[in-house]
Each structure stands twice: as structure tokens, then as C-alpha cells.
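Notes to accompany the following structure.
Letters are used for the chains, namely A, B, C and D, taken in the order the chains are written, and counting of residues starts over at 1 for each.
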Amino acid sequence: MTIISPNANPAAAPGASRVLLGYLRRDRLALAAAVFLALFVLAAILGPWLVGDAASRLGLRQRNLAPFSLEHSWIYFLGADTLGRPLLGRLIVGAQSTLGIAAAAVFSSMLIGGTLGLIAGYSERWHSHLILRLADVVMSFPSLLLALIVLYTLGPSITNLVIVLAVTRMPIYLRTARAEVLELRERMFVSAARSMGAGPARILLRHIAPLVLPTLVTIAAIDFATVILSESALSFLGLGIQPPEFTWGAMVANGRGYLSTAWWIAFWPGLAIMLTTLSLNILSNWARTVADPQQRWRLQTLRKAAR
Amino acid sequence: MKRSSVLAITSAVLMTAAASSAMAQAGQEIRIVLPEQPANLEPCGTIITNVGQILSQNVVEPLTVIDPKTGQPQPKLATEWTQVGPVTWRLKLRDGVKFQDGSDFNAEAVVFSINRMLSGKITCSNIAKFGDAKLEVTAVDDLTVEIKSDKPQPILPTLLSVVMVVSPKTPVDQAVNDPVGTGPFKLSTFSPQTVVLDAFDGYWDQKPEFTKATYVWRPESSIRAAMVDTGEADLTPSIAIQDASNPETDFAYLNSETTAIRIDTAQPPLNDLRVRKALNLAIDWEGLAQLFGDDVKRASQMVVPGINGHDDALEAWPYDPEEATKLLEEAAADGVAVDTEIKLIGRNGIYPNGAEAMEAMMTMWQAVGLNVKLTMLDVADWLRYLQKPFPEERGANLLQMMHDNNKGDAAFTIPIFYRSSGNYATLSDPALDKEIDAALAATGEDRMKSFKALFDKARKEVVADIPMFHMIGYTRVGSRLDWKPDITTNSEIPLANIRLKD
Amino acid sequence: MFSYIGRRASHSILSVIGLLTLVFFLTRLTGDPSALYLPLDATAEARAAFAKLNGLDQPIPWQFAEYLKDLLHLDFGQSLRQNRSAMEVALQAFPETLKLAFVAITLSTALAILVGSLAAARPGSLFDRIASVTSLAGASAPDFWVAIVGILVFAVGLELLPTSGTGTWAHWIMPIFVLMLRPFGLLVQVVRSTMLSALASPYIKTARAKGLRRQKIIFGHALRNSLLPVVTVAGDLATSLVNGAVVVESIFGWPGIGKLMIDSIIQRDFAVVQSTILVTATAIFILNIAIDLLYAVLDPRIRY
Amino acid sequence: MKSAHDSILKGEGPILKIEGLTVDFLSNDEPVRAVDDVSFHVNRGETLVILGESGSGKSVSTSTVMDLVDCPPGDIVGGSCLFDGTELSRLDAEGRRNINGRRIAMIFQDPLAYLNPVYTVGRQIAEVFESHDAARGKQARANAIELLRRVGIPEPESRVDFYPHQFSGGQRQRVMIAMAIALKPDILIADEPTTALDVSVQAQILDLLRDLQRETGMALVMITHDLEVAASMADRIIVMNGGKVVESGLAQEVFSNPQHPYTRRLIGALPHGEAAETSHRRSTEIAGATLLKVEHLTKEYVLASGAFAGKRTFRAVDDVSFEVRKGETLGVVGESGSGKSSIARILLRLNDPSSGQAIYAGENIFEMCGKRLVAFRRKVQMVFQDPYGSMNPRMNVRSIISEPWAIHRDLLPRSNWKDRVAELLDLVGLRPEHAERYPHQFSGGQRQRIAIARALASEPELIVCDEAVSALDVSIQAQVIDLLADLRTRLGLSYIFITHDLPIVRHFADRILVMKQGKIVEEGPTSALFSAPQHEYTQSLLKAVPKPKWLMSTEAPRAVPGAPRPERTRNGSMAG
């Protein structure tokens, strides 16, 4: 029940980012998640500069070095992997490829899936049917087969891995975008724009797309987590990223054989993945609450009037 | 479609019932956990590890077996053999042997089995060991067989160790999943979960201690190891080195595999001998050996000790980065483009820690100034680089490979790698070809000496490869069993050799 | 309704045909199976013989035509690897996956509905926070990692459960647990958020004005209306499980279709790849239609 | 009416007494005071009407009585609610439960949303009995059927198993009422019970409420923004504005002699009845040239076509012909489903007609395409019922108003946009600085002004207003209509003014079409049509407009309880 008195002048909006920050402060879990993510992103950006080539320096005589020893430099604090390379360093450097791959995959699947979904939802011509059947096909196409096909025909590379992950996640955006468009295109402002003479392109891009985007972004946040996990599952099956490139997922996959003898090799990257995906999930929950006018009050200060 | 799915469900239910009842009568049962599901149980594919480990000498038996210590053929279903002509061998067969379906084992059965392998109507992996030899098999009498070939086969008795004799009732034109042989066990069930073998009462030799053998498979080494630990399984033939942590149960064995990197000698800058030498010198061999365990042997040549032609005296390349750098500088000074990008092509899952080894070697080569870039490929992709014809535009490349010569003779190694016609060879040296041909034609001491000389030359003058290690396999054997793995474990686990501790 | 099912089915058949065509041609891009089925030292003649034996020497469009012709006779081809009919192989593995997927999805949906609605009943409470974070944490870890740690802890360390395999009920616990983690985590979130918005909806005000008991309001009115999105998400998750729980099947030695598919893909056993995809795609399309029909059951406003 | 006076005379205390109720809604900003020190009371058997515009706090105060305000974000700052001697705020959950539904019941504005969509109505009614242990199982169901019969649902035995969406709007409200009176409560709170309904249905519901009140002797608290509804129901009335009670008293006194300026403004905004005839809002001169000529317009929808159903069609617009002249306002009046909005959408080419033609400037609109269609769309604009819905929430006012220029590039060079937006805002009575704000920052009336500014931006000749003021508060309605009339005079526009609201159209339209089930049943100049309606349907429409209670004689013939006039039934297949 918002109260707007008929003659009051519309209030100027306070700084949107400040409000969001306030909401974030009210949810300590989401705040922690945001701080974690910020740290990881920072690591991804500054990592290579911070660690240099220490992450790939061999130490065959300190293979599987146990964590928490301060005998070696700080970078060995979390232990060393099967080739004696510092786990901390590799985590930091791996953040870049892990987050980079996930971000690129999520972004491209959102872009492609969203665009196709917009078209499929707005038009009822043959191509929108074609798009839907395509989505069906992609959905039931095993991602592993796709991974292998791409790996074989295009060769192992980060770009190709991104292609695989993006294609497999695409139908979700397509279907969501389409469903949203089906609803939005019946909305009055779309009719209004049409009655003013706006063409389909203008309606889609100017009127519908901006309203579909927030939903897609929310899905993208959760999907980011899914993509990191599927990437690690691909590594587990040997169809993911190939050495010498590595991601956290590949680190877990390579270290899994050592879980009983040198747990730390798979544990730290596993923890990093878990914290990242957990944070993303918590943040997207938070964002849902913020976006829902009926729930938003949960994050507000709720200052009471003086009695 | 519907009925078969019902069938599948029913059989799955039956299978689970079978599995749980099997648990009840341990003691006479042995449970073995393999790394991989056998795709099929065609006796003609026993050289495939997971097929051979189940069938070989358990369900089906070969004519001869190789003594793991000497590498020499020993009698099995054939009791003796003589070379009666330059291209003719005559075999005497064991008497009183019966197939599990009740048919008699005789010369006809041997002729049938060999012809079935040769027919080309089924995919027969084992026959590949014979190369392009043309064989003609005839029954001389009930227990005598004569084998004629188109050219001399000096090691035919060794080759006969891959000839699995099957019942004449086996279909000729169809690969089977229900093999019938003469072994001490007959196949009971083969499902996607298990293979179960039951003792065959009519076995000709001493009966094994077990009346039943169950095979299951798990791809994760740590889980296989854990299963033996918890008593869910008695034996697993192969675990990763990091899981071989218990000296009581974990045994290492030299497994006849030699790992190496092939250098593509046709591609600059790898066509320069100094670069190839530098590649060998730049590796910290002792450090690298850490990846494969304390028991691996540094390899100086492509065959393991005990193989006819192996040169014990040949020294492996040392670790000498200074020398490597010096050689590269010399080459560079002579205008060799040593900074060309060299592709290091690895294969996923080729052997335990294979990818780590490639990463380590890449880093070491980069440390001496070589521009090496690692690409890990899927098997089928990798094969394109391994075998002729090589891909066009492949560029300078190093190929991760593993060679398994368990046939006792260097003839299965040298021509493939070093003769210009060799399937894996990047060399093209007519003089070397001649030497190889001469060695292959030789026999006895001469043959051995020639092979040794060739390995010597390959190591010191040709340097077409970077031999790494003679590999070690690890098995975990449950504490109630008395059994040790040997060099044949990769291809067979004869249950008759496994005893219970009392 | 029948016309709806008919229309959906015809769409699905189109999609399956498209899928099979795509799979057929794309798999052929991944190399020659003879390299994998014959020993490395096999001769060129042997390879040619192998290709001829399995019809791989024909041009690919020709092979496709042959495949389609055989399909009409319900002949789905022969497995290169297993010496059996490819469809038989796929149909033998599929029930195993179906069993796992069914139990995992049913259990996680039921549990998630319970936990999610309790959390939504008292948003912000300690229970809500713990339930949200732990369920999400479970969904956030790589599954193979959880599976292996689970085996090391529960089978090797505590010796409570068998490491892997099939057979007794105890064999089900760990695979199901690992499979449930992600669906459960996601579903708890879905249940919680749809319950929260359902609890804020007008008909809940009516229920309160009628003087209904709190449990009745939460479980009778709000939950019943929240089921639709839950079914949507659960359906999507079920779809992904039907496609094969590759990781779980492979670690726990569960002979399901996911493991079969990855093995066949890596081994280039094309006929089996095609058959497994045909089986799973059909199952997925049937599942999707079933979910649509379930919508109509859950929401009387939906009629086809 | 009598009973209400009786109870007052007998000197019984009021059954419900609200004292100094103050409710805030909390957020990040200062708390918003929704209800501010409100006091009122309700006597047994009487009807109290709470009259106020949107945001006046009228619903919040009654929701507080029912404990339907969620706290937080709601915050009851102070006050007491005394029900039959019990202080409601001190009750525990079980105590509350015993009052809600049993002693105080409530019905709401939008029964489709307020009925649980997934349960049958019978179940939802039976629930009331079961949760108060009044009856269960078969008995509860029988009671539900009886109640449905009482509130006038035909064939209650079968329709008890129908779902809410299978009923028409009026029937749904009847179901809500059945649920509310199940346990014969002492008080029925009706929150805008007829707002979404057609005028004839509204009359039936109001009749039903009055009958039930007479039967059971319950008190009725009715919340409404509609002056006529208020006048026709109220014994006493309180007027709320901005969370405060600004005026209260006996209904007749308040209406005939309003004290507070707000009440006066409210009542004077759009005078009803004959007073509308003197309205200055009709156009003074009509040029006479025909702008638009619609001939035999028909629109059919295929309802269901399946293997078994066969093809059934529904004519939303049935052979409609009319013309609009320059400078004229053509009113199109009809109830929901009469096809009046379909005509608007078809004329704007948002939907295609099944047959017929519409000649605009010598050309058939329905055959236009490409450039010609774009040019036509520039000349004919539409103003929608819900101004908020008709604007993209992500665009600010400037982009909204300048959108026609972005579409019709030759209309105005980009450099002039800013000035022109300011001009247009000024024209519709807004300030130029409003251009940078977003629709949600405006009130409903302001939004409709923006919508009008947007319609004017492309310099149209004809504006189609589809229920353009129906969603607005009455005082705002007058302002917007004044604006439209003013623009017509100044810019020489023509309007097609579509509405279900007879009083409004009487103020504004020059000529009126009355539509029913897709057909034009009557057409004529406004004064003639209102003074001497020819068609039966027009007559019934005019009669359905509620009359003040104090003007009705108690002996006046009523619809017999339990047998109300049949309503159009929207069956499930149509609604779904």
C-alpha cells in the first residue's frame, strides 16, 4: 500500500546505489557473500600480477606439501599440489580463468538465449517455432557429447570451453525470455507503442528487452554457479579445460585422487568453488528480495515513529 | 521396445538379487574390482586389458603362455611345438581337455579358433599381434596341428599366447559375449554391473581354490583401493601411486610399459640433433620420477629389461640443464630457430599422472629456453598424431606415448619406431632401415646383439625420442589372499594362481 | 486436452528427429572409431576391414540414409563395443538411471517442500537462515568431490556404508544423497520464495479473515498455490537427472545411462550414443508433457 | 434502516468502537502514516460507510480491525479496537481466530484474487464451518450449497464444485459474501465490494447486501470511493482523507450539507443527474466534416476448436457502423464484454477485424500497411485506462513523451524535443522539471496527464480514450475531463470516449453509442439519450445507477431475495 497523495510532487529518488548498499548492510549474510565475491573478483584481476609465475613453478621435491607450514614462503601456506606448485598461488591465478570462463559463458548464453527468446516470444511466424524446436534439441543434447565434439573438432581451448558451456545453458535464457515476452507483449505500454506506430524492432529493444533483462540477470547469477560446477564436472570427466590451463574445477578434479592422502589439493579449490557459488546464490536471493516490493521491507531500516 | 525394457528391468532386479546372495557365501568367492567395464567378452579381444584380465586363462586358455621371468613361451593347451620347415610349425595339443559346453578340445577346435580369428568377419584385436602375416592352419591328427605362414615366423610360439581357443560351437561371424573355452571357470552372468564366473567342474588341470569369481568396476582409483580396504573386494589390479600407501597390501610390479616422448624429427627445429639432445638433458629425471613412485626405472630404451634385445649397459640421459642450454645456444648460433613454438601433445588418461608429467616437462623445457606449449588431447584426436599418415601442417611437435612390449622380443618395437616404414616413425634413414632389416632376419645371439646396437644408436646418435620410465603398476591385494602381481598382470589375472592365506 | 497432447507429441517427434540428425552428423566429426577399436599396431588392411565390416567406409550421408532406413524397421544399429543391439544396451541402462532420478527427485522435492515452507513460515528466523545456508552449501559443492569425500568418510573411515555398487538398500544412500544435494538446495529456495509471495497474496488475507488456523493457512492455502513453480523447477531438475547422473553413476559404479553415454561417446560407439540419446530425449519429452498435465491438475485454471 | 435507528434509540453501546487508531508503514524513509488518529464506531444492525479516495487510509483501518495488517512493515502506533467489550489488540492468536470469520467477516474488492484459485468454492466455504468447528464433512458441504443458494448462485448443487475462475465477476462476489455470512457474523466489512463490477451487477450486489443485513441484523461496514454507492447504502458515513477522518455524521446530512472543504470538493466534482446537462465540458461547436466512418465492423473470436469441440465462434463486435465528426466527442457506453474496447483496439490496428471497413481521410484503415499505416498512427492516438500500465516503467517522462518523434522521424528534429516536451507538460498542467522522472513517481491523475501529453505529441486529429478516467478518483476524473475538453477546444481534436460510467459520459460526450454484446443498441445526442432512452437496455442501465438511501421508500419493490436477475455467466472455457 503505497501512499501517493494526488497533488504531491513526485519525490526525487535518492541515490539508488546508496539504497542498495543499505539493503546489503541489513542482510549480513548477503554482505558477507558480497565481500567474498569482491575478494575473488579482486584476486581474478590482480592475481597474475600478485603471484607472478610462482603458480606454475615446479617443486617436484615438495610435492603434496602439507598446508599451514610457514617454513616456505607465504604462498605455500595452503600447501602444494602434486607438482609442488603452491596451492594458494594457483587458487589466485585460477580465480581468473574460473570466473572468466563462467562470466563469458553466462554472458554469451544470456545474450544469445535472450535474443532468441525475445524473437521467439514476440513473433509467431515460422522462425519462432524453429527457435523453440532448436531449444528443445539443445536441451536434450547431452552436454558431454557437445563438449567432446567441440574438443575434437575445434581443439582444447578456453574459448571452446566457453562455447560448450554457453550453448548448454542457452535454453534456460531462451525459455525464460520467451515466457516473459509472452506476458509483456500483452501489456498496455506495448500496445501503446504499437498504436503510436513503433515497429517490432523498436518495441523489442526499447520496450520489452529492458524489462526482461532483470529476470535474466537474476537467473544469470544462479547460473554462474551452475556453470562453475558444470565446468568442474567436465574436468572430472576429462572433457573440460586441459592442462596447462587450469581452473578451480580442474584443480579439484586433478586433486580428487589425493583426497585420502593429501586432502588439501582438492579441498581448497573445492572450498573456493563452494564459497563462490554459495555467495552467488545468497546474493541472488537477496536481489530477489530487493526486487520484490512485497518483501523489500525485510531489508529496510523500518524506523518507527516517535510515540 | 517395451518388452526389452521390461526384460532389462527384470534382469536388473535378478542381478541385484544375485549380487546380494553372492555376498553371503564369501570364502570360496573372490571379488575383483577393475578400473573399467569390459565392453564385451569376445575371446578374440583378450589383449585388451579389461577383457584379458577376466577371460584369459580363466574362461579361455591360449595355446602357450609367456613366462613372466624369462619371457619364453611355456606350454598350455599346446604341449610342445617344433619348427618343421622355414615357414611351418607343428604343435602337439594337450589330451583330455574338454570345453565348458562339453565339446572336446582337439585339433579341429584349434583350427576353428585360429580361422575364426583370421576370418575378418569379426573385429579381432588379438590377430593384430601377427601383423600382416598370412597363416594357414591344418589338423594333422586329432591332437596335432600344423601352422604355415607366408614368411618366416621365428617367434610363432610366443605369438600363440594370444590365440585363445574357443568351443567350435562359437559363432564364426559374430563377436560373442558368452565365451566358451577350456578354462577353470565358466561365464555365469555378464551384466552392466558385474561379470560372474563359476568354477568349471570338468577342468583338466588342478582346480582353483575359488568356486566363484565376481568382477566389478570402478573408474576411481581411490574407490577401488577403498573397496579392498573395506573388504568389499579382494583384489584390484591397478591403483594410482598415491593410493598405494599400505606396504602390507599394495604391491608394485614392472608392467612392461615404457613411457616416452616421440620427437618429430621431420619438423624444424627438431630436425637438429642438438635440439633433440637438449630436450633429453633438460628434464629433471629424478624429480619427475617422484610422480610415478620410487619403484619406476629410468628408461634408456623403448623396451623393458628381459625383452630380447634390451641393452642393460645403455645409460639413460642425465639431467644437465647447463649442457642443454649450451647445445641450444650452439644450435641457435647455427641459425636453427630454437624459439619456434613446439607443440607438446599429451593424451588424457594415458597413464596415472600423465598430465602432470606433461605439465612438469613443459615447465622444465621452458626453463632452458624452449618454447614448448602443451595440448592435451582425447585418445582419438591424439591417435592422428601417433600413427601415419600424420596430419599435414602439424608443425614441430613432441608426442606423449607409451609402448607396451610384452612379447619378449625387440622386433615388436624397433621397426615401428625407427624404420622409415614404421607406423609411428618420423625418421626416414635408408641406412638405418637396412640395419633394422638385417637385425630382424637374424636369430639367436646375433639377433640380440643387433637389437642392442640399434637401441644404442637410437639413444646416442638418432635421438628420435625421449625415453622416460619403465613403468610400475600397483595392485592392492586383500589380506586374505596370497598372490603377487607380475609383468603379465596387465593382460591377465589367472585365478588359479591366487591362493587363500590360511 | 488430447489435441494438446497430440500437438505436443508431434512437436516432440520433430525435435527428436532433429536431435538424432544433429547427433548423427556431429558424432561423425569426432574421428574414426577404428583407431579406438583396433590395437595401435593394427595394419592398414585390418583397419579397412573394420571400417567395411561396420559400414564406416560409406559416405556419411549414405550412412545416415541407411540409419534412417533401419530406424523404420526399429533397428537402432549394433554397438561396436558391446556386440549387442545398441537399443538393448540403452534400454538396459535406462531403468537404473530412472530409479536413481526418481528417488532423488521425489525425496528432494518432498524434503524441500517441508524445509522450505517451514522456513517461509518464519522468515528471518534461525531455522530459516540455517536451512537456507546449508541447503545452498550442499548445492554449491562439486558433486564428485562430495561423493569421494563421502565414500572416504562413511565407507572407509566409519565403515557405515558400502563404498559403491548396487544391491542392498545401503548402496542407495550415498548416490541418492549426492544426487539430492543440488535439487534439494535449489528447491528449498524456490519453495521458500514462492511461499513468501503466496503468503503475501490476497487469498491468504481472505483465509485469515475467515479465521483459519495458521497451519491450515500455510500448508493448505499458501503451499498448495506455491506448487506450480516448484513443479516447474523440479521438472527441469528431473530432466537433467534423466539425461544421466554421469558423475554419480561413474563414481558409485551405478550402471546407468549417463555412464553409458559418456563411455560410448569417448569410445565413439555411435549407435549406442544415438540410441541413448533417443531414449533419454523421448523420456524427457514425455516428462515435459507429463509436467504440463500436472500443471492442469495443480491449477484448475490451466486447461489445454 | 429501522433496526439501526432502534439500536441507537435503545441506547445499546456500539458493537465496534475504534478509538485513536494510528497505523504507520515502515520503510527506509520516514514512516508513512496510513491511518492517523482515527476514531469511529459501528452500531448493531446499521450500515456505516467509510468514504475516501485511494490512499485515504480507509482500507487500512478496517484491515487493522481484522488483524490483516502485517507488522512489520506495518506498525500500529496507537489506538484501541473494542469489539463487543473485548479489546482486540490484546487477544492471542486463538482468541483472534474465534472472532475472525465467526463474529466479524470481511469481503474484498477483487474476489478473483481474494478467492484461492486452486480450491472449489464449496471447499472454501465449508472451510469456514470446519475451522470454527461449526460443521464438518457432508454437513459443511450442505451448508455451503445452502449459502450459495441464498446469495443467488444458480444451480448451487453443481456449482459448489466449481473453481472461482469459472464464475462471473458478480457471482464471485456473491461467493465471497456467502463465505462471509456463513457463521452469521455481527459485523460484515465490505471493502469496495462493487468497484470492479458493471453498474447493473453492482446494483444486484448492493441489493443482496441490504437484504442479508435485514435478515441477519448484522452491522455492515462498507468502504467505498464511490459517492453513489455510499449514498445508496449508508446510515451513517465517515469521510476519510490522508489517513484522517475529516467528516462524519448521518448520511443524508453529510451529502446534503457537507462541512469539510474536502467533502465539498468531492461531492461537487462531477455533479450527477440533471446537473450534468449544464456541463461546460461538451463541445460548443461541431464542424460537421466526417473524420472517421466505420461500416459493418465485425470481430469474431474462435473460442474452441478441437477434435471434439468443433468450432465455436464468439462475436465481440457485431456489425457496428458509426461515424465521428471533427471536433466531436463520441461516447461509447457499455458494460464489460460489450465490445467497446475491441472497437478501440481494432481502430488502432492493434487487432484485425473479421470484416467491415473504417474510412479515415478517404482510406480504409484496415487495408493500410507500411508507410501509410505509420502515417495513420500518427494521426490517431489512444489513451488507455491504466496510465501506469501504458507507460514503460523503465523510461522517464521525457522519453515517454518524445517516443512518437523517435518513431516518426520527420515529425520534429531532435534538437527541439526537449522544448516541446516542456511545452506539452505545461499544456497538460505538469511542470517541465517532471520530464526527468519516472512514471512510478507520479500519482494516477498525473500519469494520465502524461499519457495525454504523449498522445498529443504526434499532433493527432483523433484520440481514442479507452476508459481513460475510470481508474481515477472522482476529483481527479473531473480534472482530467476538464483537460480533455479544453484541449479539444484549443486544438480542434475529436474523441472517441469509451467508458462504462454513465455520469461521466454525460458530462463530456456530444453523442453516445450504447453497446451490448457487440451490437449498438442505441445511438443519439447525449441530452436526448439521457432524457428519453429508447432501448430497454439503456433504460436499465440508467436505472441501475444507485439512488441515495434516504430517497428510497422502504416499500419500493425489490428483487426477491434468492432470485436475483440472471447475470451473464462467464464459463470456464472462455475465461481460461
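Quick notes
As a convention for this text, a contact is a pair of C-beta atoms (placed from the backbone, for glycine too) under 8 Å apart; a residue touches a chain by one contact, two chains touch by 3 or more.
Remember, predicted model here, so these are calculated numbers, not experimental data.
Contact count check for A-D and C-D (C-beta pairs in contact): higher for A-D. Inter-chain centre distance (chain A to chain D, centres taken as mean C-alpha positions): 45 Å. Chain D has its Cα centroid 49 Å from the Cα centroid of chain C.
For the pair chain A and chain C, the distance between mean C-alpha positions equals 22 Å. Here the CA centre of chain B is 85 Å from the CA centre of chain D. Residue positions of chain D touching 2 or more other chains: none.
Multi-chain contact residues of chain B, defined as those touching 2 or more other chains: 220, 222, 226, 378, 380-381.
Under the contact definition stated at the top, the residues of chain A that touch 2 or more other chains are 148, 152, 256, 259-260. The complete set of chain-chain contacts reads A-B, A-C, A-D, B-C, C-D.
Of all residues in chain A, only 1-8, 10-13, 19, 22, 187-189, 191-199, 202, 206-207, 210-211, 296-297, 300-305, 307 touch chain D in the complex they form. On chain C, the positions that touch chain D within their shared complex are 2-3, 200-203, 205-214, 216, 221, 224-225, 298-303. Remark: chain D residues 24-28, 30-34, 53, 55, 59-60, 72-73, 75, 77-78, 242-243, 345, 348-350, 373-374, 377-378, 380-382, 384-386, 389-395, 403-404, 406-408, 434, 437-438, 441-446, 451, 454, 458, 473, 475-476 touch chain A in the complex. Touching chain A in their complex are the following residues of chain C: 11-12, 14-16, 18-19, 22-23, 26-27, 29-31, 123-124, 129, 132-133, 136-137, 139-145, 148-149, 152, 156, 182, 185-186, 189, 193, 196-197, 200, 239, 243-244, 246-247, 250, 261-262, 265-266, 273, 277, 280-281, 284-285.
Those residues of chain A that touch chain B in the shared complex are 56-58, 60-61, 63-64, 82-83, 148, 151-152, 155-156, 238-239, 242-244, 254, 256-262.
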